[in-house]
Amino acid sequence: MAYVAVKGGERAIDAAHAWRAEARRGDPAIPALSTGQIAGQLGRAVERVMAEASLHDPELAALAIRQAEGDLIEAAFLLRAFRTTLPRFGAALPLETGRMAVRRRISAIFKDVPGGQILGPTTDYTHRLLDFSLLDDPPPPPAPRAEDPPGPMPRVATLLEAEGLLRPEPPGEAPPFDITREPLAHPAPRDARLQGLARGDEGFLLGMGYSTQRGYGGSHPFAGEIRMGAVTVEIIPDELGFPIDIGEIVLTECQMVNQFHGSRTEPASFTAGYGLAFGQADRRAMAMALLDRAMQAAELGEAVTAPAQNPEFVLAHADNIEATGFVEHLKLPHYVDFQSEAEAVRRLRAAARAEAAE
Amino acid sequence: MKGYNFAYLDEQTKRMIRRAILKAVAIPGHQVPFGGREMPLPYGWGTGGIQVTAAILGPRDVLKVIDQGADDTTNAVSIRRFFARVAGIATTTRTAEASVIQTRHRIPETRLRADQILVYQVPQPEPLYRLEPSRAAARRLHALAEYGAMHVRLYEDIARLGQVAISYDYPVLVNRRYLTSPSPIPAFDNPKLHRMAALQLFGAGREKRIYAIPPYTEVRSLDFEDHPFRPHRADAACALCGSRESYLDEVLTDDRGGRIFVCSDTDYCAGRAA
Amino acid sequence: MNAIPDLPGFPDPVPDSQAAFRAILWAQSHPGAIVTPAPALIVPAPLPVAAGALLLTLADADTTLWLAPGFAPARDWLRFHTGAPEAPLSRADFVLAEQLPALETLGTGSDDSPHDGASLILPVAALGEGTRCRLSGPGIDGTGDFAATLPPGFAAFWAANHALFPRGVDVFLCAGSRLAALPRSVTLEVL
C-alpha cells in the first residue's frame, strides 16, 4: 500500500546523504579542489561567506564553500553554525581604519584628496570580455609596484567633519549591542542595525540599496570614500591591561555622503551612511552604506515612506540564513494542515452548493 | 558527542534559555524574547523547539519526536537522531513512555500526563502577524490586550462564509490574557491545549521567542457565543485501526479519486491496531 | 581579581544544573509544589541551599543580582561561581532578600516586556507548615493547598503583585534545600 512508502525515513535520509556526497565530489578522475586553492583563487566568494557567517577564517570558509559545492548561502550557514559553538575570549578594540595599510582608496567627491586616489587591484575598468587565456590560467606577469610608499591618508569623512560640513557621529559609549547574543527589539539602535547589515545577504543589501537610488527613500548619495586594505586587530587581555596586536584583516570601508536639509534645531549639513565588509567588497560596503543612511530617516526627522527606511523590515529580512530556512521549510511535510484546509474548503463548497440548491 | 557539550548547546546558552522558559511559565502565553542561537539545522526546521528541548533535556529523559503526528517522517527522524547523537539519551516512539515530546503540527491523541513536557516547534509565534506585520506594533497590542482586530477578522469570515475559515494555527486566548499562536496544529487539536496536565513549551528559533502554557491552564479558542468554536476532522474511520475519534491524514491511492484515511498519530494508530 | 571561595559549586555542573533546573521548572509550573533542586550541594551559611542551587543554575554574567546584607558571607561564593554582577535592588534580575521587600522597590517589568520582572528569592523557616494558603491559577488543577512560614505582610504583597499581572515579580521561597515557587500568575488566599 502506498502509505507504507513514507516509512523508513531513516534509511531514506542515509541514502540521500550518501548520494549527495558522491555527487559533491564529482568525477573522481578530476583532482579534488584544495581549500588553499579556494581561499587563494576564489577570494571574493570566501570573503562573502565570512561576512555573512560573521566569522573571519578564510580556511574554514574555503572548507565550507567546498562542502557546500559553491552554494555560498549554504557555506555561510555551515560557518555560522560552527561559529555559534566557539567560546568567546574577549572583544577586539574598535578597528582604526584611519590607520589602514591602504591598497585601494577612492573618493568620488573630490578630484584629489590628501594621500591621493589609489585604484588598487580593481576590476572597475576592465572590459567584461571572457578571457579565454584563463582556460589554462598561466601565472600573470608581476604587477608594477609604486616607487614611494603612500603617505598618510586621513579619512575623507574626518576632513569633512573638520569643516563642519558632515554631521559628526556621536561617540559610542556602552558596549555595542550584539544581535548574536541578544534578541533584537525595535526600534533597533544603530549599532545593532549596522551589525545586521554587516552579516546581511549581499543580494538583499544590493537590491534594497538600489531601491533608495530609484526613489524609494529619497537619498542623494555620493561616494565620499571607499578604502580597502589591512587593519590591525587589537585586544586588551584582562591579565595584561594594555592592548596587544593579534593579527590583521583586510577590510573595505565605505562612507556615503548625503545631503541633509537640516531641521529646526540643526543647520543643513551632510550625513553619512557607513559600510564595512571583510576583504575587497566595494559592492557590499556601498550597498550597506546606502541602507545605513536610509535607516537613519526616522532619527533625522525625515518622512519614512520606503521599505529601505524601515529598519524592522530591512533587518528582519536581510539574513539569508533565516530567509533560506523559512522559504525552504515549505518543502517539509505540511499534510496535516493541508488536510484541515482541504476539509474546510470542502465544507465551504458544500455550504455554497446547498445554498445554491435552495 | 566529542567536541560538543551535552545536548549541543553551551551552558551559558542553556541558562539563558532556561531563564526565558521560567518567565514564560510565569506569564502564560506571553512571548519572551530570547537570544536564539544558530543551530546546525536550518531555520524553519524546528530550531526553536530544538533549543528548548536541548535546554531541558537530561540524561534520564526519554525523548519522542513527531512531525505531522508521525515518528517516521524525515524531519522527526533527523531531530531524534540529532539528540541521540549530541545527548546520548534514550528515544521512543511510544507517547506513554516519553518524558519529553517534541512536536511539529500535532498534539498526540493519547492524553498527556503531568510528568511529561510537550515542546512545540513554532514557525511564527506572533498570532497577529497577518493583521499587523510589524512585530514592534504587535508587541504594543499585546501590552494593551488589544485584540479587537482578530475578533473582527473572525467575524468577517462568519459574515462572508458562515463560519470561521481558519483551520489550523487557530488563535487561542491563554489564561484569559494573551492571544497566542498554538503553532500550526489543526484546529482539531485546540481543545487538547485546554487544561492539559503536561507543561507545554513553545520555541520559535528564527523569530527568537519562547512561550509556555503551564499545566491546567485555561486555553480558549477564539469564538462568538452564536458561533462557538468547533473542531473538525475528516468524516471517516482510520483504514488501519478503525478510529473515528483521531485526526486523519488523507492518502490518495490512485489517480481515479481513490483515497483512504489513516491516523495522523502513528503511535496511537499502531497501539490500537495491535 | 575575585577572591576564590573555599567551597566548590556544583560537583558536576552540566548534569547538576540540568537536574536543578528541572526541579525549579516543576516548581514554577506547579505553584506551591515543594522540590529539592540540589540535595547534595554545600553552600556558605547562611544561604539556604535551595537559593544557592537556584542562582548557580540560572544566574551568570548576563544577569544581575541584589544581595541582602545578611548574605554577605556568600558574596564571594556567588560571585565566583555565577559571575553575576551586583545591581541596585530596583534593577536586579535576581533579588536575594532576607525580609520581604516593598513591591515598589523591585523591578516588575513593563507592559511590553513583563518578563523583565525580577525573580525574588525569599528564605523562609519552613515549607509545608506555617501559614496555610489556598492557591489557584495556571499550573494548579482547581485549587491547591499550600503552607509556609510566610513573612508578615506577604498576603498583601502578593495581592498587589498579582494585580500588576502580566507585570510583577516571581517568588521562590527557600527553606534549607527545599524550594517552592509562586509565579505572578497565581492567586493566593490565606486560610
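Think of it as A, B and C in the order they're written, each chain with its own count starting at 1.
Operating definition for what follows: contacts are C-beta pairs under 8 Å (C-beta built on N, C-alpha and C of every residue); 3 or more make two chains touch, one makes a residue touch a chain.
A quick note: this is a predicted structure, and the numbers were derived from the prediction, not measured.
The central chain here, found by comparing per-chain C-alpha centres with the mean of all protein C-alpha atoms, is B.
Two chain pairs are in question, B-C and A-B; the one with more C-beta pairs in contact is A-B. Our note on geometry: subunit A versus subunit C, Cα centroid distance of 43 Å, whole angstroms. With each centre defined as the average position of its C-alpha atoms, the distance from subunit B to subunit C rounds to 29 Å.
Centre-to-centre spacing of subunit A and subunit B amounts to 34 Å, using the average Cα coordinate of each chain. The set of subunit B residues that touch two or more partner chains comprises 33. Taken together, the subunit A residues at the contact with subunit B in this complex read 1-3, 6-10, 12-13, 77, 80-81, 83-85, 87, 180-187, 312, 316, 321-322, 324-329, 332-337, 339-344, 347-348, 351.
Interface residues of subunit C, counted against subunit B in their complex, comprise 13-15, 17-19, 21-22, 24-25, 28-30, 57-60, 62-63, 110-115, 117, 119, 137-142, 165-166, 170, 183-185. Residues of subunit B touching subunit A in their complex: 4, 8, 10, 33-40, 42-45, 47, 67-70, 72-78, 81, 104-106, 123, 134-136, 161-163, 165, 167-169, 184-188, 206, 208-209, 232-234, 247-253, 260, 262, 264.
By the touch criterion given at the top, residues 5-6, 11-12, 14-16, 18-28, 30, 32-33, 55-59, 114, 139-140, 142-144, 175, 177-178, 195, 197, 199, 212-218 of subunit B touch subunit C in their complex.
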